[in-house]
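The structure appears below as structure tokens.
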């Protein structure tokens, strides 16, 4: 470690904090009577020991890094002044986000400076977690790891890619275990599987910019699907002249739904039937661009429109309109996201949407083969809930002695019915590598504090490669660790590997490893450019483009079978655990900016809520702010009612993200976690948790609180604030582009 | 020859008015009606009338004060405004008439009132030393007349007042 | 800006008013309220009493009785500036590039003092810091409130580089705000550095009059 | 003949020495009831002080204000107190100029009320400021920093107008009291004699002093009338000069002035009854004077009602959606209860003043005067709050009911006002002695004159004497 | 002498906004916000929190309406939706921030001149001059000024969150009004840099935090006096002109999307919105 420090002093002295004397340097904004006089000698100034030429106090410098607030892999620029990172912006060179950021990316600094970070290793002694030194923590961990063999060791991470993925698999290899589980609640696993099966490419590029009409079955691509910032930049092109049209079908209005030209709530779980109905009608009218096999044709013929209307609750006229739009406004693009995939037959529903894509000729037009990253080892190990379920199964079977969690919080995100907490209690030694005292860390026997993403090194390969050339983006520290006793993820992993394999001892630290690895990367860097200049260039740019191994799409349209709709007497409503751009799956609930940012649609802050349609609310006799109990077969949660029309009447939608029982002052004991009451239903094909399949009943609780939301009037009261024009007029004035 | 001041007290206005009328008719030697001072618990219009044309000049001060207020107001405000160019615009000119008129109006009254009050304090001779001739009854219901006479007329004057039903006569050396 | 530059007498009054304010602050809030009331009553008289006086004085008048601030090392400015004839910006090197003039990095001190005067106790103290890998924690002497945006760079550019002022005499320019630092060992605050001081100088020397130029 | 007695303002045969004694008696060492009232007022005031200290420490959030509701009860109360101050000016200045004799026994405490309510009102801009300690920046003083207040702001006009009004009305009160202070100087002992001796400024009541005094008094009265009207117009311009719906109303200045006179008259009625009852001033504060006051109040109430209606009408015909919606919301929205309280107390209750029986019934008048003041208070609040609740931007609409800190301070202001008044009545004559003397003198004079005239007429046309109405005494009743 | 000053420049000092005001504008920063592109994602708002040291007030104070979001995304439902089961055409999003009006109503009402118009065409708010009379927000039709009802320093930035505070602008204490400044600290830095390099500011050289973050590029920021800037071109394209409403010519093409909110109040906002496009056929 001492060596690493000297490297840092040599090369990265600008990260040193200057003159931060705590309260003394606090920017007392305006003069209270007590601070009106300025006295000499009250504040301290500290100079650099030996500064870089370009480091000037008082002038901010921008450094490139990578955003880890979600796994989209956006490039960042961080503004560093006096050794403190102050502001994050998008890296304009990144093909993913083109210099843009979402609210979560902006809030990265608050995750970094969070007052509730774990600041030193903690070991469970006599039942409580106590602060220990790294030496003690690591010797304990190494001892435990030495005593465990093969598959009895499990590692649970979030989505992990780049050289961290390499280290993780190296560790798994060293331990002789195959139990690496990558867990991610908000994922596109089903979509990936369908793409792989039907197109031969798990993550094809979606050309929103080319599309003239987008039909989305619950894919919240502006908020939480695949790569939100990239999708939003593409959306801008899609909406510019010639303006494309967006049809969104989903039971609860998402951010994307809020921007749709036509938003239709189909009965939950019937998106597949609707897609097939549309496909049937398209073929019936002969509007299809691609012919289908007779088998498929026969299967589709079953979905005549009246039947589809009966299943989905969407009127025939609307279905016809959508079908004709898909053919009139070529090229079209059909997407399917969480609310279509989150059922037992979710795979089929998504496949139905893909079939529609094939029929209307989107494949090849708006769906392109992805640019595949040449280094397979660096590719993202994408998280899924299937892995979580596998892990839970393993726990149930008492298959693990040592579990290592890294940057993931399954104790919070796993449904109660999976019995994760109970299962973990049986595990001999649980290690949580985390920045925050989250629920998983609270259960762990050893907590290793990680450096924040803005303090750590890393490389990342986004799962959804947005540009023509695949990129690997570099994450470099933007400042010295605020807390002295934290270590980078890569450093910890490397330390564990060093204890097991002499080969790794050539690397002083993860930085050295990464630098060597990057400079030696075949096909990426120039051969004769393995020097500091190339490295500095890389850091300056923040990413490296690779020559793409261009894939090809091969269409394999097959028959799709979707289940019909079943009513339930006992549990009449569907629970929609809606994902929020902001709190995400709950990992950002400890960021005050994101808690204070109103939900995009409901505009509620700092709490959970259950969205009910006015009709449903009327039947239940509840008003805004009333507390209701939402109970499924697996448990119940209580939260406040928020009534609005953007939900299907059969649905109660509770956003994810709140309901933490730990996780610091901003998150703890706030709202309810809908994931907890999900029934352990899985998608038949992929084994993914069927997030939207849980049926619930709702009862009124005789309590009330004030619904804290932004905004007074819900409508404009006839004032011309947001004015609208028709698309025709837009076409007339701004043309076809 | 020294001079003496006499204060004669009367029960109410009627005897006092009679006395003044007598003085006016030059019944009392050496004393002109212009020299007497009448002290009374309230102001009596008849006394004013009898005493004749005694000028009051306060209104001139008031006028000047008000005039000063309004001109000073204008120049004060506009010179302040013209030297403070970063002041809020809101699309309004640097020297806006509406607000300056309002403030000039207030300053007119402000200076008008203050000069009036100072003029009153000065002109009414409140602080001027004018002997100790006074009686507390003057603030109940009696009316006093003060005259200044030569020593040799002292007796004569006393008699005069007694003739006119003076309740009490006080005197002092001027 | 025509209303104006008060004479030094007026300025002395301003200083004493500031002191009075400070005292009142110590006394507590009711005094402030009382003062406000009193000022309210006396306001028009004040206005009459102090009508603007024109003047164009460069540099602005104003003195300040600075306190002696104990520093980790008693840095002798006089020795460096007066005796050694070292230019201010040799050490305060950021002044021409940044908002802040900057304290010289320890490496800069050591550049000379590795060989010069190594036997002196103050230099030994410095060497100690250097060997520990730390910088001394200096106390700030010249400070402006946090809502003030002051850049050294612009002032240096205007008064030194754009004015073709000989850089070796830059001490005279710095001294407008920092006083005769070359006569001091440890720097002391000799100018008030308050808004009136800044404003008078801006008026006399054609600096901007926009609030947001200097307030943030 | 009974009719005649009833019509007299006061008994003209009151001995002047009796007047002195009666008034001085009212200023003697206070009794138990006084001290209890005093203690209650002190308690109210201290509660407000505590609330203000808390608010000062933590910030304006303590007052529960929020984004649309940047102003609330503090400003309403400020306007209320400023309005209250107008009655004193009305009584002493306007009625003085038009020689309405009946003002004489009651104008003194009305004037004191003017000064004290201004002193109370003056607190509110301070309480309401986010950074009180910088209040003096509103004043135009020559500053080292070369900056001035913004003379365009109606708040600066307020500062000018209120300081002018406060100093002018205080001077008016003090100057008008000088002859009385001389009386007190002559007829009290001990510290009071010294105290009044200083304040009387050597008044002896000589003809020169009286002449100058009259002139001064008349000139100041002439200044005070336009000043009072300008002050409340300026206060109204805090609202009228904005662009907010429901505030940007052309009729606001006269509306505010009428409202001010109205609430002031109501306050005079209240204090009139209190003083009459507690100090046994029945001989001075007669039911006749009360009747005249109530008639005046009624007239002003009707003016106010008219202006209120004309404001609604102009909003209605102006057909600006923002204005109109605020108006509709006032009457039907969340604040409807307050609105109808205002209408009932302000426009319906005054009709009780039409009935002579009620006008002469002091307990009724006491209740009515309080109701009128309540109506006038909520009127001020109805001006401030609903507009902020429902301005242009519907996203920022909100309904706000003030929390306890605001109420404490508002109540405390009543305590403070009462406190000042209580101190005043024990230190200074609440009835103007010299003017009551003048009044009796004039009444005697008039009576004699009338008698003489009647005699003359009897001699000329003996039969006509019976027909002549005994009440006809022009010149006394004035307007 | 000031007297001389008045006499010499009287006519200049009598010029209102209609005649161009008395000061020469160096820049007039403006924006164009395309509501067709705005997706209401809150990135701008959060970026604003990060850039401008905005206090996080917490749930209780948010409930009271004391939130400090200089840039807020207003979300409206169609009035027509009142009779419908579902908002079929989605929501209406409106990014609302200080409009930096040319004839701002907040400016003349401030008693201490803490808010004024800069030669850059901005409504400046000088925090340390503010005494907290809150009149400015009362007179703002957009209600985009935010008052520090409490002292937030301790509660909003517990250690080490305060290390994130941007030193280029002050942290406002209780009793001070604040509002969007068009990221004046960025403007200042860019101007300083341009001046140092002896050149004019180049369009796009810097952006406000909201414009920089906006994923769809709905917010375009620039100098409306620079004829080549993107924002000027957009304004021209949509035939929206600066200046008071009263002196407005009607648009040549009435169908163009540009408009300024509450322009009829004659406040001359610096932000042009482009109407949201809706597929009315569905």
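Before moving on, here are some points about what is shown:
The chains carry the letters A, B, C, D and E, assigned in the order they are written, with residues numbered from 1 in each.
In the analysis below, a contact is a pair of C-beta atoms (placed from the backbone, for glycine too) under 8 Å apart; a residue touches a chain by one contact, two chains touch by 3 or more.
Just so you know, these numbers come straight off a predicted model, no measurement behind them.
Apart from subunit A, which is left out here, the chains connect through touching into one piece. Among the remaining chains, those touching subunit A and also subunit E are C, D. Chain centres computed from CA atoms place B at the largest separation from subunit E.
Closest to the protein's overall CA centre, chain by chain, comes E. Taking the mean of C-alpha positions as each chain's centre, the chain lying farthest from the centre of subunit D is A. Across C-E and A-D, the chain pair carrying more C-beta contacts is C-E.
The centroid of the Cα atoms in subunit C and the matching centroid in subunit D are 54 Å apart. Taking each chain's centre as the average of its CA atoms, subunit B and subunit C sit 59 Å apart.
The centroid of the Cα atoms in subunit A and the matching centroid in subunit C are 51 Å apart.
With each centre defined as the average position of its C-alpha atoms, the distance from subunit B to subunit E rounds to 62 Å. Counting only residues that touch two or more partner chains, subunit E has 2, 5, 67, 72, 74, 76, 94, 105, 108-110, 113, 116, 118, 127-130, 170-171, 175-176.
Shown for subunit A are the residues in touch with two or more other chains, namely 27-33, 711, 713, 715-718, 721.
Along subunit C, residues 1-4, 29, 32, 47, 52, 145-147, 210-211 each make contact with two or more other chains. By the contact rule set out at the top, the touching chain pairs are A-C, A-D, A-E, B-C, B-D, B-E, C-D, C-E, D-E. The touching residues of subunit D, when paired with subunit C in their complex, are 56, 122, 126, 132-133, 135-136, 139-146, 159, 163, 167.
By the touch rule above, subunit C contacts subunit B in their complex via residues 1-4, 44, 47-48, 52, 209-211. Looking at the complex, you find that subunit A touches subunit C at residues 9, 21, 27-31, 33-34, 36-51, 56-59. For subunit A in complex with subunit D, the touching residues are 30, 32-33, 711-713, 715-719, 721. Here subunit D touches subunit B in the complex through residues 15-17, 20, 140, 146-148, 150-153, 156-157, 160-161, 163-164, 167-168, 171, 175, 179, 182-183, 186-187, 201-216, 219-220, 223, 226-227, 230, 234, 237, 434-435, 437-438, 441, going by the rule given at the top.
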